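Okay, handing you the structure first.
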Amino acid sequence: MQKLNREQIAARVAQDIPDGAYVNLGIGLPTMVANTISEEREIILHTENGLLGMGPAPAKGAEDWDLINAGKQPVTALPGASYFHHADSFSMMRGGHLDICVLGAFQVSHTGDLANWHTGAADAIPAVGGAMDLAIGAKRTWVMMEHVTKEGHHKLVKTCTYPLTGKACVSRIYTDLAVIDVTPRGFEAIELIAGLDFDELVRLTGAPILDARQKIAA
Amino acid sequence: MQKLNREQIAARVAQDIPDGAYVNLGIGLPTMVANTISEEREIILHTENGLLGMGPAPAKGAEDWDLINAGKQPVTALPGASYFHHADSFSMMRGGHLDICVLGAFQVSHTGDLANWHTGAADAIPAVGGAMDLAIGAKRTWVMMEHVTKEGHHKLVKTCTYPLTGKACVSRIYTDLAVIDVTPRGFEAIELIAGLDFDELVRLTGAPILDARQKIAA
Amino acid sequence: MVNKIAESAAAAIADIKDGATILVGGFGTAGLPFALVDALIEHGARDLVIVSNNAGNGETGLAALLKAKRVRKIICSFPRQTDSWVFDGLYRAGEIELDVVPQGNLAERMRAAGAGIGAFYCPTGYGTLLAGDRETRSINGRDYVLEFPIHGDFALIKALKGDRWGNLVYRKTARNFGPVMAMAAKVAIAQVDEVVELGALDPELVATPGIFIQRVVAVGIQAAKVA
Amino acid sequence: MVNKIAESAAAAIADIKDGATILVGGFGTAGLPFALVDALIEHGARDLVIVSNNAGNGETGLAALLKAKRVRKIICSFPRQTDSWVFDGLYRAGEIELDVVPQGNLAERMRAAGAGIGAFYCPTGYGTLLAGDRETRSINGRDYVLEFPIHGDFALIKALKGDRWGNLVYRKTARNFGPVMAMAAKVAIAQVDEVVELGALDPELVATPGIFIQRVVAVGIQAAKVA
C-alpha cells in the first residue's frame, strides 16, 4: 500500500470538480488543487480577497502585488475575471453561490463538524480569516487532509476536540487513504487506495465508518 | 400679505442648502428646488434609482431613457457623477450619508412625524417608493408644502391622521407662509412672510407653535 | 467550456413553471427586460409572483404580463403611476394581490437573500403601516424593524453587455435592481444588448460577476422607452 | 466648490484624536494605505482601536504603528502571519487587545454600519468560539448569529485614482475593504496614486461614490509590496 502524497490528493480532488464549477481553494494544502487542473478544463476560481477567475501564478519578475490570492501570493487574472470588494466577495460564499470550497482541516467529525482554524493551545494566536465563512457558505465543503496526524492521532473523529470552524458543514473528505462522504449515517468510504484493507481504514478512523464502495459502483 | 408661490417656496429651500451638500429632492414639489439653485453653486444631487451628481433635464430630443430620476423623468449626469445599484443607493440614505432630503407632505406633526405616502382612503392604491427610506435616512429631512390644504385644513398638526411615512423624522418645514423648525419644544416659527401676523400663523397651524424669530435673529 | 449564452429569450425562460416567484429588473422602463418578459408572456406560465419596483407602465412589459392574467401577486414599492392603468384595474377588481414594500427594503431584502443573511434590523418603515406586525427592536436608541430576505426562483434583468461566463456591465440608471436581483434568484437570466468575447469586459467595470448569472441572451438594443 | 483634496497625508489625518477607532484598508499589503499610516505614526495619536484584516506585515505600515505602541486594540480576522512578529510580540506580552472576527463578518459588519442596518443574522461562526455569547436564532431551519455593525471614527484606505468630489476607482484586488470601510466611517480618507479632474473617471467604474469619502490625498504610486 502506497499512501497518496499531497499532489496525488490534490489531483484526486480536482478529478471530482465538475467543469464550470465556481470553486474556492483554501490557503495551504488546497491551493495545490489549482496546479492539478488540466488546462483544457474551465473551472472558475474564486479568491475571497476580491477576484473571480483567478489564473496561475505569474512568471518570475511579473508579480503584481495588487493582484494576490487569499494566501497573499501573487496570481494572475484570466480573461473573464472580475474584481469586487470584500462584502460582495463574502456574499458569494455566504449566499451559497460557490459550488465547492476545499479546505484543510485538523479534525472532521462524523456529523460534518470542521475544526481547522485553532489548535486550542493556550499560547496560540487565533486567526480565522475566511475559513468560517467558506465552511458554511459554499454549496459543498470538501476537506483535504492526511487521514491521521504525524503522531498517528485520528483526524476523522466522533467529536472535534479542537475549536470548531463550522458545524455540520463538511460533505466529503479526501485523505491520503480514502475518499469519504459525510452522510446522515456518518462517515461512508466511497473509495480506498489500492492495497488498503477496509479494516485498516476503520482502525485509522476515530468514528464509525461504513463501506460504501459497492453503493457507488452500483 | 402675499403667500409664496411654489417657485418661491422652492427658492427659499434652496437658499438654506449649504454648498457641497448631498441632497435628495423627493418627487413632486421638491423637484422644483433643483431649478432654483444658481449655477455657480455646487450641490450634489442624489436620485435613489442610482445616480449621484444628477444634472438638469436634457434638451428636447436629447433624452436618454436609461438616465432618469426618481420621478422617471429624463435627466443628465454632471462631470463627477457615479452610477450604482439600488442596495448601494439606499445605503446612502439609510446609512445617514445624505445631508438633506426635501419631501412633500400631507401632514407633519409637532413631534416631526411625517405623512406623505397614503391618504388612508379605502380605495386608494398604496405606493410608497423611497419615501420611507428617505424620511428616516437623511441627516436632515425637510418638508416643503402649502401651510394648509386647499380646503383650509391644517397640515401642521398635533397627530397625523394619515398613515405615517416616518416617525420623528422632520426637522424643518417650508410653507407658503413660514419656515418652521421642529424642535423638542414642538413647532418653532423662525421666519414669516412679509405682512403675516404671528397670530394668524397660529390660527393656521394645528398644533402649538412658538415664535422663534427673535432667537434666530439674536 | 462554460457557456451561459442562451440562443433566444424563449429558450432562456423555458423552464419557468406556474407559481414561480420572479424578480423583474427595472425602475419604470429603465432596465426593464422587455424581451424576457415578452417571452414569458408567450411561454404561458401563470399564477406567478412578481417582485419588481413598479407594477407595469402602459400596455407593454410587466403591464402586458399583468393584462394577460399571469400574475397572482406583485411585491413592489410603487405600483401607482400615471400609466399603471392595467395594474390599477386588476387591483380594484380584486384580481391581483399587492404587497407594498419600501423601495430600499425591497433592494436590501433581495441583497440579503443573495448574501446569505437570515434577517436584518432596518430602520425604514418603523412605526408605519408597512411595518405591519413585524418584530421591532431598539438598538442604541434607534428603532428598527426585522426584515427577511426576498428570494426569487428566477430573476429577469437587463444589462448592456454580457459574456459567456455571465459577467455583466450595465448602462447608467438602468443598472438599478439588476445586481441585487441577480444575487437573489436561483436562476438569474440577463438580456443584454450585446454578447462580447470573454475578456472584452473590463474586470474592474463588471457590476455583476458571472457567478450570480445563469443565462445570458443577446436581444440587440431595446430602448427603455420611446418618449 | 466641493474640494475634498487634502494637501498632504499629514493634513488629511491631522484631526485624528487619541482613542479613535480607525478602519485601515488592505488585505496584507494590497490596498494598505502606507502613506496615511506613516502620517498617523508621525502625528502621534495613541490608544487607538484599529480595524483591519491583518495585524501588520514586516516592520512597515500597520506593523510600524503597532511597534510605536499606538494601538490599544485590534479587531481583525487574521493577525497571525509569517511576517507578523511585531503583533505577535505585543500580543504575547499582553500589550495589545485582540478581537478576532471572521473575515466576511468583518466586511459585512462594516457594510451594515455604512448602510444603516442595526444588526443582522449571519450564519458564519454559528456554534463556534467566535460566536461567543452572541444571540442566535434559527430561521427556516438554519442557525444564525446576531451581528452588530462596526463603525469607524476614521477610515484610511487606498485607491488608484480619485477626484475632488471623492469618487474613487481601485486597482485589482487592492480594492478589498476600501468600499465598505469608506461607508462605515464618519471621516473616510483615501490616499490615491493620482488625483484626476472631475469628470475624468468613468461614472460606471466608480466603485466608491464620493458621498462616502471626506478627504483625498495624492501620494504618487506606492507599490503594495516589494517582493
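Per-chain residue numbering starts at 1, and chain names A, B, C and D are given in the order in which the chains are listed.
Everything that follows uses one rule, which is that a contact is a pair of C-beta atoms (placed from the backbone, for glycine too) under 8 Å apart; a residue touches a chain by one contact, two chains touch by 3 or more.
Predicted model only: the values in this text are computed from it and were never measured.
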- Hey, which chain ends up farthest from chain B, C-alpha centres compared? A
- Task: Could you compare the number of C-beta pairs in contact for A-C with that for A-D and name the larger?
- Result: A-D
- Between chain A and chain B, tell me the centre distance in angstrom, where each centre is the average of that chain's C-alpha atoms. 55
- Item | For chain C paired with chain D, centre-to-centre distance based on mean C-alpha positions, whole Å | 33
- Would you kindly tell me how far, in whole Å, the mean C-alpha position of chain C lies from that of chain A? 35
- Message: Nearest whole angstrom, what separates the Cα centre of chain A from the Cα centre of chain D?
- Response: 29
- Item | Touching two or more other chains - residue numbers and ranges from chain D | 108, 111, 115-117, 122-123, 170-172, 204, 207
- Note on the structure: Residue ranges of chain B touching at least 2 other chains are 77, 83-84, 87, 90, 93-94, 137
- Task: Name the shape of the chain contact graph, picking from line, ring, star, complete and other.
- Result: other
- Task: Just spell out which pairs of chains touch, all of them.
- Result: A-C, A-D, B-C, B-D, C-D
- Inside the complex, what are the residues of chain C that reach chain A? 1-2, 111, 113-117, 163-165, 167, 183, 197-199, 201, 203-204, 206, 209-212
- Query: Mind pulling up the chain C residues that touch chain D in the complex?
  - Reply: 108, 112, 115-123, 137, 139-140, 142, 144, 148, 169-172, 202, 204-205, 207
- Message: Considering only the defined contacts, which chain C positions touch chain B in the complex?
- Response: 27-31, 77-81, 87-88, 91-92, 98, 100-108, 110-111, 122-130, 143, 170-180, 207, 223-225, 227
- chain C contact footprint on chain A (complex, rising order): 19-20, 22, 42, 44, 46, 52-53, 77-84, 87-88, 90-98, 137
- The chain A residues in contact with chain D across the complex are 47-51, 63-68, 72, 74, 77, 83-87, 89-90, 93-94, 113, 118, 123, 125-133, 136-137, 163-167
